[in-house]
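Labels A, B, C and D are assigned to the chains in the order they are written; within every chain, residues are numbered from 1.
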Amino acid sequence: MSNEKKKDINVVGFLCNWCSYAGADMTGLGRNIYPSNIKIIRIPCTGRMDPMMIIEAFHNGADGVLVSGCHPGDCHYSEGNFYWRRRYPHLKSLMEHFGIDKRRFHASWVSASEGKKFAEVVKKVVADVKDWQENG
Amino acid sequence: MARIGVFVCHCGTNIAGVVDVTRVAKYAETLPGVRISVDYKYMCSDPGQNTIIDAVKKYNLDRIVVAACSPRMHEGTFRKTIERAGLNPYLMEMANIREHVSWVHSDDKELATQKAMKVMEMAVAKVRRSEALSKMFASIEKRALVIGGGIAGIQAALDIAGAGYKVVLVEKEPSIGGRMAQLDKTFPTLDCSACILTPKMVAVSQDPNITLMTYAEVVEVCGYVGQFDVKIKQKAKSVNSKCIGCGVCVTKCPNRKSLSEFNEKLAPRKAIYTPFPQAVPNVPVIDRETCTFFKTGKCKICEKVCPTGAIEYTQQDEIIKEKFGAVVVATGFNIYDHSNYGEYGYGEIKDVISSLQFERLINSSGPTDGHVVRPSDHKEVKNVVFIQCVGSRDESKHRPYCSRVCCMYTAKQAMLLKDHYPETQSYVFYIDIRSAGKNYEEFVQKAQNDYGVVYLRGRVSKIYERGDKLIVKGADTLSGAQVEVEADMVVLANGLEPKANAKELAQLFHMSYDQYGFYNELHPKLAPVETAISGVFVAGCCISPKDIPDTVAQASATAAKVCALFSKEKLEVEPLIANVNQLTCSGCETCYNVCPYSAIEMEDKEVRRGDMRHVAKVLESVCKGCGACVGSCYCKAVDLKGFSDRQVMNQIETATTELSTND
Amino acid sequence: MDKELQELIKKLLTEKKAEWAIGYEKAYDEFSTRPAFIIDPADTARLIFNKYCINNLGLYLTKLKKNKLAVVCKGCDIATVFELIREKQFKRENVAIIGVACEGVLDKRTNKLLEKCENCQVKQPKGADFTLGNAKNSEKPKSYADVVEFEKKSSKEKLEFWNRQFEKCIRCYACRNVCPVCYCPDCFALRSMPEYLSKHVDADKNKLFHMIRMQHVFGRCTDCKACDTACPVNIPLSMLTKKLAKDAKELFNYESGADTDARPPLSTYDEGDSESDIM
Amino acid sequence: MAYLITKENIKEVLNALIAAKTVYAPKKDAEDTVLFEKLVNASEWHGDSLLTHTTAKDKVYLQSERFFKIKKDKNGVTIEDPAEPEEIVIFGCRPCDARGFDVINKLFNWSDFVDEYYTKRMAKTTIITISCEKPESTCFCTSFAKGSPVNETGSDLLLTPLKDGKYLAEAYTEKGEKVISDNLKYFSEAAETEAKEKEAFKTASEAKIIKKLDLAAIKKLMEPAFESAYWETVHLPCVKCGACTFVCPTCYCFDITEKAFDNMNSERVRSWDTCMSEIFTRMAGGVNPRSDTKKRFRQRFMHKFNYHVDNFKEELCTGCGRCIKACPVSIDVRKVIEGIK
C-alpha cells in the first residue's frame, strides 16, 4: 500500500509455532537455501492470525504476506488452522477487491518435518511477488 | 525507556561462518533502548550465560534479546538464565539467526547478515512490548497411560509402576508382548526372545500398580500435561473375568477359518483364541467377525464347554474415561509389505516369505514346531536366499530410510537356520552391511566365517519359480557377475514402518509426525523421547526403526521423564494465555464459540460503575494459549500474552521497514 | 399507513408492551426524515413512513439495549435486528418488530431509488411481529452484476479507484457510527495501545480503516447500505459491503441476518472446507 | 472599487491563477461529490452547486498537519520543520465558508497566542468568493449578524452574479486587489447601477432563506438549560459520528499525536478531532468527563452558540447548513437550538 518503492521484495511470514515454525527450523537443519526476503514472525497457531495483522502488514509496506500452519487435522490446538482456512479465502478475496494483488498474499501448510517444502513455499511466494512487481 | 541487552551468538561457525555477528551486535547498539550488545562464541554455554547475567547486573538491564538458534531449541535455557539474573523469564526474546538465517542463506553472506540484523531488530521490537508474566501452576494427575504393550510399553509401564505410580497399559491386541513375542532368538546374543520377554509380561500382570487393558484402543484425548482426559474403547472380548484360562473353549471351537495374526498367517486360528500360549492376560477373545455364533446365531460350543461360565456373548464395547498426567506412546511397527515388489513376485510366490514369517517358522512354538518348511509343500529347505533392504533405502519406489535392524536379523536368521539344519546353505543379497552396535559386526563376521553364509553384494532383479525351485537372479557387484541361485525358499528382510493407524493416534494427541507416520521427537538429539506435546512421550519403533536394546533404553527414558513429572507437587505451565479486556468486550460470544478448549466463560458483570454487561472471561487454568479467540475478536477485547497485538504489530512494523543504517 | 402505525405504537406503549418506540418523523424538509423516539403514547402523531425513510433503525437497538423496544423496520432492516439478536446484543423478546411494507427508499443525494431496493426480496417484511401494508417482492434475485464488473478490473485499477475514494474520506466515522453491527465498545480505530490506526488522516490510512472495518463486519454486515448513504463525501462503500455479502454467499453459503441461531462463517468451520489456494 | 467580469473571463482569470499558484475550486467527481480540489484547468471548475460537500477549511487548517519530523542517525538527532506553505487560491467558495475562515482566524490568533502553522498558511491564501443566488432549505446564514448570501467577511475578492452573465467583482483586501490588478484586462469598471443591482440580488437571495433564528434569545436560554431534561431525548437519534464537525467551516478542535515510524524516525502531527467522539475527552487511565453521549451532543451546541459567543462575541457557526445535510440521521441544528427549554 505504501507508495514508496522498496529496493528489495519484502515478505512477512506468519508461522505457527508447532508446525511451520518448526518446519522452517527443519529447513535450516537440512541446509535448504531459500531467498532471504522473508521475515518470519512466530505465532502460536494460525488460529491466532487476526486478519487485521495481515492488513496492517500490507499497510506497513509489505510486498507479500505468507501465513503458514499445520496441515488440517494436525493442529496442535485441534481447530486453529480450520478457522484460519476460512479466514484466508475471505480475506484474500477482500484484499483483492481493495487492489491487493492475489500474488501478494499466500497461505501454506508446512509440517514440522517439511523443511524442504518450506523452502519451496518461500521461493514460490517471492517469485509471485516479483512477478507482480515486474509484470503488474 | 526499556533497558535492553542484546546477545549475539556465533554458535561456533554455525552462525558466525555466514553472518557477520559483530555487525549484528554493532547494529543492535544503535537501536533505541539497547544499552549493551555483545557477541560471544557460544551464548548457551556456561560462560555465555554468565555474560548475560553479568550484563544484566552491570547495565541494569530489564529486557534481553538473544540472537542465536531457534527458540524451540533454547528459549527455555535463556529464560532460566535471565531468571537467574533476577529478571522475569518472559522478558526475553530470541532472534532465530541460525535455523532461519545462517543455515538457509549461506549463499549470500551479505544478505544473510542484513537479515540477521533485521531479525534481531524484530526481536528487540517485540521484547520492548513484552510484559512480565507470573508463573502458573496446574495440578498433576499422577497416573500414566502407556499405549502399546510391546517391549517398549511393557518396560515403560514396569519402570513407572516400580517408582510407585499408577499405570494403565493399553494394548490393541488380546495379549501384550508385541513384535518381540513373535521373534525366535535375538541378536547378537542369540538368547531366546520369549525367555527374556515372558517374565516381564508376567510382571506386568502381577504389578499392583499396573492396570492392563488389552483388546482396547484410545479413541479420544482432551486436556494437556497433568490433566489428560482420555477415552479408551474396551472392545468386547465376549469372555468375562470368570475365565481361568484353561483353554478348553479354544480347543473345542470348531471354527478354524481365520489365519493367525501372531503366526503371520502361516497357520489357522480358532474364532475364540489367545494369540499364543504365553499370552498375558491368558484370557481368550472371540473374533466376532468369524465366530459361527455371531454370524449364524448357532454353535455356542464354547459356552457349553466353559467350566466357569465365562463366555458372555452379550458383552458390548465399552468406553472408559480415565484421567492421566502423562502418556507414553509406544505403538511399534509393521513390516513393509513386499507385495509392492514386482521383482519378488508381488507377494504371490508362496515360498518367498517375510522375515517375521521366518521367525515364526523357526520358532519351536511356532506353527511348524520349529521346522523350517516351505509354506507351499511343507518340504524342508536346503538352499535359502535372504534378500536385504526390502522396502528400505529405496528413495524412488519404496522408503528412503534404513531400517537399521535388517542386516542384523538376517545374519541371525541365516545362523539359526544353519544351527537347525547344518546341511543348508544360505545366500544373502545386500547393499551394505550396517552393523554398528556392541558385538554386532563380530556377529555378522561370525555368520560369514563360521556359518558359511554367502554374502553377495547386489540387488535381486527377479525371482521366479522353476519346477519346485525358486530361481533368484541378481547381480554380484563385487565380482561384476550376474548370479543365479536355485533356492528352496527366499526370506525377505522387510523394512520397518509405523503402524497403519499411527497418524490417527498422533492426531488425537496433536503430535507431529513425518511423511511416513513416524512420530517426531521434540528434538532428535536432546529430547529424543519427548514430543512437542508436553506430557506425551514416545519410545521404540513408532519414532524410527530400532533394535530391542535401544527400544528398552528409550522406554526407560520415557519412564524417567514421567516419574520426573510426577515427582512435582504442582506443574509449572506457561502463562502464555489469552486475557479479556472486559471494558472493550461486546459480549458477542464469538470467542466463546471458537475456543477449542471451552476456556471462555460468559458472565454478566458490572464492568464499570453502572455499566452492567454480558462479557467474556478466560478460565486461566483451561486456556492453552492458541489464540483462536484473539484471531476472531473484532472488538479487539481479547489478547494473547506473549504474542500480544502490541508485540506482533511492533514486529510487523519492524519487518516492513528497511534497516536504519547503511554501514 | 401512517395512521395505522401511529395507532399500533400507541397501543404497544399504552399496554407497556414496549417502553420505547423508534420510528420515523419528518426532518428539515419534505424530502427528509429522521429517527423519532417515542415514550409517550400521546406523542405518536409525528410518526410517518414514506419513501424517504432511509435510516436503518436497527442501529438503535445496541444504543438503547436496556429498554424494551418497538422498532419500525423495513423488510431489509429486519435482517439487522436478527443479526444483532444472533450477536447477543439484544434479546428477541425485548424487541417488537413492526414491519412496514416498502416499495423502496430514495437516496436523498440523488433522489433516486436506492440500488438495493431494485431487486428487493423483502418489500413485504418477513419475520416481523406486526406487519403493516402490502408490497410485492421482486421476482428477480439480488444482482451482484456491479461487483462482478468491478472484480474484472486489474488490481492496479482497483487500487487507483480506492486510492481516489479514500483521498476524499475525512474519517468522520459516519459509516462506522451508522453501522448497526459496528457497536464495539472501543473501536480499534480509536485505540492507542497498540495504535492500529494512526490518527493522521491520509488516503493510505483511511484505506486501512475501511479495510479493517470491512473485514470486521464480514459475515455480519447485512448490506443495508447505511454506511454508503451516510458518507458525506459519497464514497461508494456499497461496492465493499456488497462484496462481503457476495463472498459470504459464494465462499460459505451464508447470509447475515437470516437466522438468529446461525454461526457466522468465521466462527465455525467444516472439516471439508476448500483449500484449493493453500500451498 | 468595484469591477465587472464575465463568466468566460472568470475562467481566464482562473487559468491565470492556476498558472501561478495552486488553485482549489469546486470540482465534481464520478460519484457526484463536489469538493475543493486542485485544478489544472479552469474547465474543471464546477460552479453549479451551491455548496461543496466539505468546506475549504482543510486547505488552510490541514486535517493532519505535521509539526515536525525527528530523525536520528549517526550524527545525532535532527528536527525537520515543515516546508514553508505555498501560495494558494481558494476559488469559488461561498460567503458562509469565507466567513468561517474569519471565525477561526480569530481563534488561532486569540489574545497573545498565535498558531504559526495556520497563520502562516492563511497569510498565503487568497479567498475568492461567489455570492449565493439560490440558497437551499438548509441555509440559515441570515440568522447571524454578518451573515448574508453576499457577505464579504473573510473574502479577499467577492464575485456577485448580476444580469446577463456578468459578475460584480469587489476586492476587500490587498490580496483581492492584486488578483484584479494582475488580470486587469479581464475586468471592466462597474457603475453605480450595478452596485444597486447587487442590493436587489441580496434582497432576492435572502428572501429564499426560509429560516431565521433569534440567536440572542437562544443564547440567553442556553446557560440555564444546561441541565435541562431536553437534552435527555434530543440527542437520541445522533449517532455521534464526526460528519457535522468535519464538514463545518468553523469547527477547529484537534488532537496532537506523536508517532515513531521505526527506530530512527518519528513525527508530531496535529489532526482534526471531533467533540462527538468518545475519546475526545477521554484521559489516560480511562476517566472521561463526557463519556455520556448526551453530554457530547450538548457540548457541540453549547460551544457553538454559547461558550464561543462569550469569548468572541460571535457564534461558532456561519449558517451554511452543511451539518444538516451531512448528518446521516438528518439532525437539524436549527431545530435543536430552537427547541432548547
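Here, a residue touches a chain if its C-beta (ideal position, glycine included) is under 8 Å from a C-beta of that chain, and two chains touch if they have at least 3 such contacts.
Because the structure is predicted, anything quoted here is derived from the model rather than measured.
Chemist: If you take the mean of the Cα atoms for each chain, which one ends up farthest from chain D?
Modeler: For chain D, the chain whose C-alpha mean is farthest off is B.
Chemist: Quick one: which pair of chains has the most contacts?
Modeler: A-B
Chemist: Name the most central chain, where centre means the mean of Cα atoms.
Modeler: A
Chemist: Nearest whole angstrom, what separates the Cα centre of chain B from the Cα centre of chain C?
Modeler: 53
Chemist: I'd like to verify one number: the distance from the centre of chain A to the centre of chain C, where each centre is the average of its C-alpha atoms, in whole angstrom.
Modeler: Once rounded, the distance between the two centres reads 34 Å.
Chemist: Rounded to a whole Å, what is the gap between the Cα centroids of chain A and chain D?
Modeler: The separation of the two C-alpha centroids amounts to 47 Å.
Chemist: Where in chain A do residues touch two or more of the other chains?
Modeler: Residues 51-52, 56, 73, 79, 83, 87 of chain A each touch two or more of the other chains.
Chemist: Two-or-more-chain contact residues of chain B, please, as numbers and ranges.
Modeler: 583, 594, 632, 636, 645, 649, 653, 657, in rising order.
Chemist: Which residues does chain C have that touch at least 2 chains other than itself?
Modeler: Residues 188, 195-196, 216, 266, 268 of chain C each touch two or more of the other chains.
Chemist: Could you list, by residue number, the parts of chain D that touch chain C in their complex?
Modeler: Where chain D meets chain C, its residues are 29, 31-33, 35, 53-54, 58, 63-64, 137-138, 233, 236-237, 239-243, 245-247, 255, 257, 259, 269, 271-274, 277-279, 293, 324-326, 328-332, 334-335.
Chemist: Under the touch definition given earlier, write down the residues of chain C that touch chain D in their complex.
Modeler: 27-29, 32-37, 39, 55, 59-60, 63-64, 109-110, 164-165, 168, 170-178, 190, 195, 198-202, 226, 229-230, 232-236
Chemist: Enumerate the contact residues on chain A facing chain B in the complex.
Modeler: Residues 6-7, 10, 12, 17-19, 21-22, 24-25, 27-29, 31-34, 36, 39-45, 47-53, 56-57, 60-62, 70, 73-80, 83-84, 87, 111-114, 119.
Chemist: Would you tell me which residues of chain A are touching chain C in their complex?
Modeler: Going by the criterion above, the answer is residues 1-3, 51-52, 55-56, 59, 72-73, 79, 82-83, 85-102, 106-109, 121, 124, 136.
Chemist: Applying the document's contact rule, which stretches of chain B touch chain C when the two form their complex?
Modeler: 129, 583-590, 593-594, 614, 632, 634-637, 645-646, 649-650
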